[in-house]
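Heads up: the structure comes next, in structure tokens.
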Amino acid sequence: MARMKAAIYVEPGRIVLDDKPIPDVGATDALIRITTTTICGTDIHILKGEYPVTKGLTVGHEPVGVIEKLGAAVRGYSEGQRVIAGAITPSGHSNASLCGCSSQDGPDQQSGFKAAGGWRIGNTIDGAQAEYLLVPDAMANLCPVPGHLTDEQVLMCPDIMSTGFAGAERGDVKIGDVVAVFALGPIGLCAVAGARLMGATTIIGVDTVPSRIAAARRLGADHVVDFSINDPVADIMRLTGGRGVDVAIEALGTQGTFSSALRVLRPGGTLSSLGVYSGDLIIPGDAFTSGLGDNRIVTSLCPGGKERMRRLMDVVASGRVDLAGMVTHRFTLDRIEEAYELFAQQHDGVLKIAITP
Amino acid sequence: MARMKAAIYVEPGRIVLDDKPIPDVGATDALIRITTTTICGTDIHILKGEYPVTKGLTVGHEPVGVIEKLGAAVRGYSEGQRVIAGAITPSGHSNASLCGCSSQDGPDQQSGFKAAGGWRIGNTIDGAQAEYLLVPDAMANLCPVPGHLTDEQVLMCPDIMSTGFAGAERGDVKIGDVVAVFALGPIGLCAVAGARLMGATTIIGVDTVPSRIAAARRLGADHVVDFSINDPVADIMRLTGGRGVDVAIEALGTQGTFSSALRVLRPGGTLSSLGVYSGDLIIPGDAFTSGLGDNRIVTSLCPGGKERMRRLMDVVASGRVDLAGMVTHRFTLDRIEEAYELFAQQHDGVLKIAITP
Amino acid sequence: MARMKAAIYVEPGRIVLDDKPIPDVGATDALIRITTTTICGTDIHILKGEYPVTKGLTVGHEPVGVIEKLGAAVRGYSEGQRVIAGAITPSGHSNASLCGCSSQDGPDQQSGFKAAGGWRIGNTIDGAQAEYLLVPDAMANLCPVPGHLTDEQVLMCPDIMSTGFAGAERGDVKIGDVVAVFALGPIGLCAVAGARLMGATTIIGVDTVPSRIAAARRLGADHVVDFSINDPVADIMRLTGGRGVDVAIEALGTQGTFSSALRVLRPGGTLSSLGVYSGDLIIPGDAFTSGLGDNRIVTSLCPGGKERMRRLMDVVASGRVDLAGMVTHRFTLDRIEEAYELFAQQHDGVLKIAITP
Amino acid sequence: MARMKAAIYVEPGRIVLDDKPIPDVGATDALIRITTTTICGTDIHILKGEYPVTKGLTVGHEPVGVIEKLGAAVRGYSEGQRVIAGAITPSGHSNASLCGCSSQDGPDQQSGFKAAGGWRIGNTIDGAQAEYLLVPDAMANLCPVPGHLTDEQVLMCPDIMSTGFAGAERGDVKIGDVVAVFALGPIGLCAVAGARLMGATTIIGVDTVPSRIAAARRLGADHVVDFSINDPVADIMRLTGGRGVDVAIEALGTQGTFSSALRVLRPGGTLSSLGVYSGDLIIPGDAFTSGLGDNRIVTSLCPGGKERMRRLMDVVASGRVDLAGMVTHRFTLDRIEEAYELFAQQHDGVLKIAITP
């Protein structure tokens, strides 16, 4: 049985490169030879043991590659085709998928609903930080890459671009809106780009890292509040003439950013939450106007599926949004343990690291 | 090779009961033994040669049955299970399905869009008026029938209930709306029930057949205008105090009903069209206020997929809507040619005919 | 200067009947002679000092009456006309009103946004528990009462019907949804009726008071969980086969009901919150799936304005919803202090008390 | 009684500059001294007698000016303030306004609905091509101009920017959409800008005038089809790989553009119509897939009101869209008859003409 290299979760604190068998291809699967992948903040949660996965699992959920082998029942693709798949791989046939909630596409055919059930690769089945990846329900998930786009140009589509844009989309950003984005990591930066793309006319970012602040300005932020210097709530209320923002996007997953996002909302405004929170979360009474503010709190998991990937690659191809500067570092798969160390420690202004087997 | 009886389109004017092989079951298919099915108005269009299908095709798209055999890749079901499938059988994995437009789910995996592409059984592949039916993409389409519901109770779910309700849903009926429904055949009656279910407070039906008028009143119509006696536009404007209706549902597919539906709309109102039209359709200038009325014209094809079927059977089970009276006649499959004759001529106050193999 | 009797907030624990001048009528105001009004749960919060209002304010925000005098700039009404106005009286001309957020219609013309700014009568200006009420922005707020409807039939429209229905509307209840309603006081009962009106097929109420449970069943609840006997979360998960509910409506304003409402949501489901909360509110980590569940938390203040009132009176007139049983007690204005005592102590199975000057 | 100069409709073919009394200011009105205005394509329809108005009416509905006098009941503004008002001046208090349909805000307080009833200035009451303009319902309509914006920068806000953007907004353009815009006059150009602003990734314009084609490219069109050289339907189907467009915006008001817009729609796509049509309009059978395509036809009248104006001026201030090049010619009010002649004949590459009293 042929074997491949893969980044494997061993125990809290240890993800190591090891080898394991190249998986068999079921009737509706496809085997992808990975050409480029990357490390996500969520992988760091896995590394630290903060997000539980099975020991021995291959990590990673952001694949760019080439179709190596198609399942017997897969039609419409050919081997050798360049493709991506989303971090979330909906089946297409679950009740969740069929009611438009494909990120939550659970494994149970009849009930069809399980929170975050659509996130399979690098979570409940082997992931993309390997030489090969098995993509389940291939016909719902594989999307051909237009020939003129490079691997790095489409590397953000499977997760951070889809997630960040969802912050703006689920927040229902409208032409003329004022949008605040709390935390300008890769997801927050994509939320800035998404809000800009949807017609927000004032975008206010909140962070403190100079490289992130610069990236946010390039992607469309009109103002950036450095929270280490100023109180972001006071600053945003001042910038909006006391009116508050139409949409606040939370892109970190902490109590502080969540509370601030609520506090800057105008009556009727929406908090669009992308963060992954640990433990209980408090809605401060003063920020909630006793529930009388006609506010909404909306959470989103990364939308997946091939149609989503097609649209995001169209955004890249259109030149509307340039995420090229997002890849700040490059490693071969052989050196992925070093890449994890760099990314975990957020050294050297790292935003995203391209990994090539 | 085992054979079965099936109602087959031969040529304009002739649908005959003949026999053909029981189909093979592909990896993602399921073979259903039909226990009850029915004839749709669209089947009459096929019979008359007004809607083109291939000669030799088995007609019918409203299946209730029992799983006879499952494809090798189908999970989550068991042979012997009672199920229905919608008239429209989305694949779940096309681009159309994945962007929430599953009725238009075309056969081409990459472009994924073809008008009415989701309508396959009894249109582009063999249909349900037979002893057995092959359901494609079974995991997206088969929905188990709750044990306490009879075949006849769920027989309206695959098409007319789904289509009629869609008239109200896509028209975005709100609490307190005034809704007019033009033509009270089975689809129009279900549109009345759907509008009632969504909170319309004044529902005005338009027809002339006494049995249909009586059925409409039972299903929630507050007023019925007999168009053979009164001008429906004038009557509806009078009933609404000159205000017009919020939503007008067209459920016949003729120029006359379409024009009247437009003419009774209030500014900002919606024409929700369910009819299948032949040839060009005119938007009368006087009914369209030169395009300045903020009106919408929305068309809908029957929504399908197992989650839709689950919800519609829940409506039946809840007792909110009682469509039991809709089945006015019963025939065995052997006598389906007689059933077609009765239904085509709309004799004997027929609404729907249950066909049992 | 003519004087009138009015229920006046004196200090925490004391609302007394006293007299004050009949107010002057400004250019865009109308003076209404109250014929029937009622006491709201919020008035009890005011009585207890839990919700701050100015000392000397006339309480009450649910007016039914007759136009006594119209402001000089008011057109389209006539003195002597029977009317209601909503608890929330949007100006119609604020930025909030003009962007569809009329409940939040603040007093500041240019910024136009202040949380709950649209709630004026009985909150920031004199209210309806009096012989006369001044309605501001009369042309946006006065709605004529159809002649065949009694005062008591329309008495629920200004607040509890509008608020309760909003719970279902903002929760976006769809045909076939499962809806849970936490707490079955007047608002929760109207939320049950609203969910029923919008096509929910399974409605589960949660309460423990027998009269409320009985009322909920009459208004459309399919199941009622008595939380003093069973764990509502466990019971609801069992009733839904482990699937959870599509929409949970919180109608009390406590941590317990809020947490339970979150816990029974399916992935992708919506918590529609109507309660008025005191202090901080906790989102339990286990109920929020770390923010990955694609859930929404939506809060609503009672929608007002004459078009809303028109629609709600249409619902009453249609007979779709029968709230007649909601008035359990009747007092004259002279005895309103007794009425407050009864209502505050929730004696005698009281739901709503009609007050007639 | 003081008098002013005004452009007055006399009879078909004649709009002349004459003088008439400066109007009296009612309690809720404001009198604006016009500093800049412009001529709309609709004014040309009035000039030609194709759109009926009363003889003697002052034409024009695109005002920029200074508050000269406020009605007695108007609060929140001061005389001398620079303001604009939209072409559509909703009352804010009609039933239409209160149900979110403010463009259709009719004059009848109780029914509150009349098609295009919100268009008053230059239609049913005196308009903006004059030294002074009376703005009704001033508190709903006047919006202060930020100090750093010039008259010409905000001159497109009252009508063409609001209308053109509405084409994209009501078409519900999403990130990644393909949008076609039929006809690239001022409205069509603004529709291109609106589609770009909302995240369309491929925008295809259709026209034949070189200056318009150039302007469209500047505002965000990725492709422009010259219909005098190529068949736009064939070209658009080719450009979209046979898929068709998600949204087609009709910005001319002719049968030809309407039919082509329908023909290029993908299944499930939306035709967003901005044109003002004369007489009947045909929906070609081949373009409508018999009503089975899940398509929508949506019409829009220019959204008005001060909140709309505020948002559009924010778009201008943000620099997201640069419509400065739209003003190609400038005339004083004295020479408005010459301006009409130039604009009616579309000489000299004219897009919009600034008129200054």
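Read from first to last, the chains carry the letters A, B, C and D; within each, the first residue is number 1.
Definition applied: a contact is a pair of C-beta atoms (placed from the backbone, for glycine too) under 8 Å apart; a residue touches a chain by one contact, two chains touch by 3 or more.
Everything numeric in this text was worked out from a predicted model, so none of it was measured.
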Target chain D, source chain A, minimum contact steps: 1
Which of A-B and A-C has more C-beta contact pairs: A-C
Length of the line joining the C-alpha centres of chain A and chain B, rounded to whole Å: 40
Of all residues in chain D, the ones touching two or more other chains: 99, 310
Partner chain D, residues of chain B touching it in the complex: 96, 99, 101, 103-104, 106, 111, 113-117, 119, 241-244, 253, 266-268, 273-285, 288-301
Footprint of chain C on chain B - complex, ascending: 165, 169, 174-176, 194, 197-199, 201-202, 222, 310-312, 314-315, 317-318, 320
Chain C-facing residues of chain D, complex: 26-28, 72-73, 75-77, 90-93, 95, 97-100, 102, 108-110, 112, 137, 139-140, 144, 305-308, 310
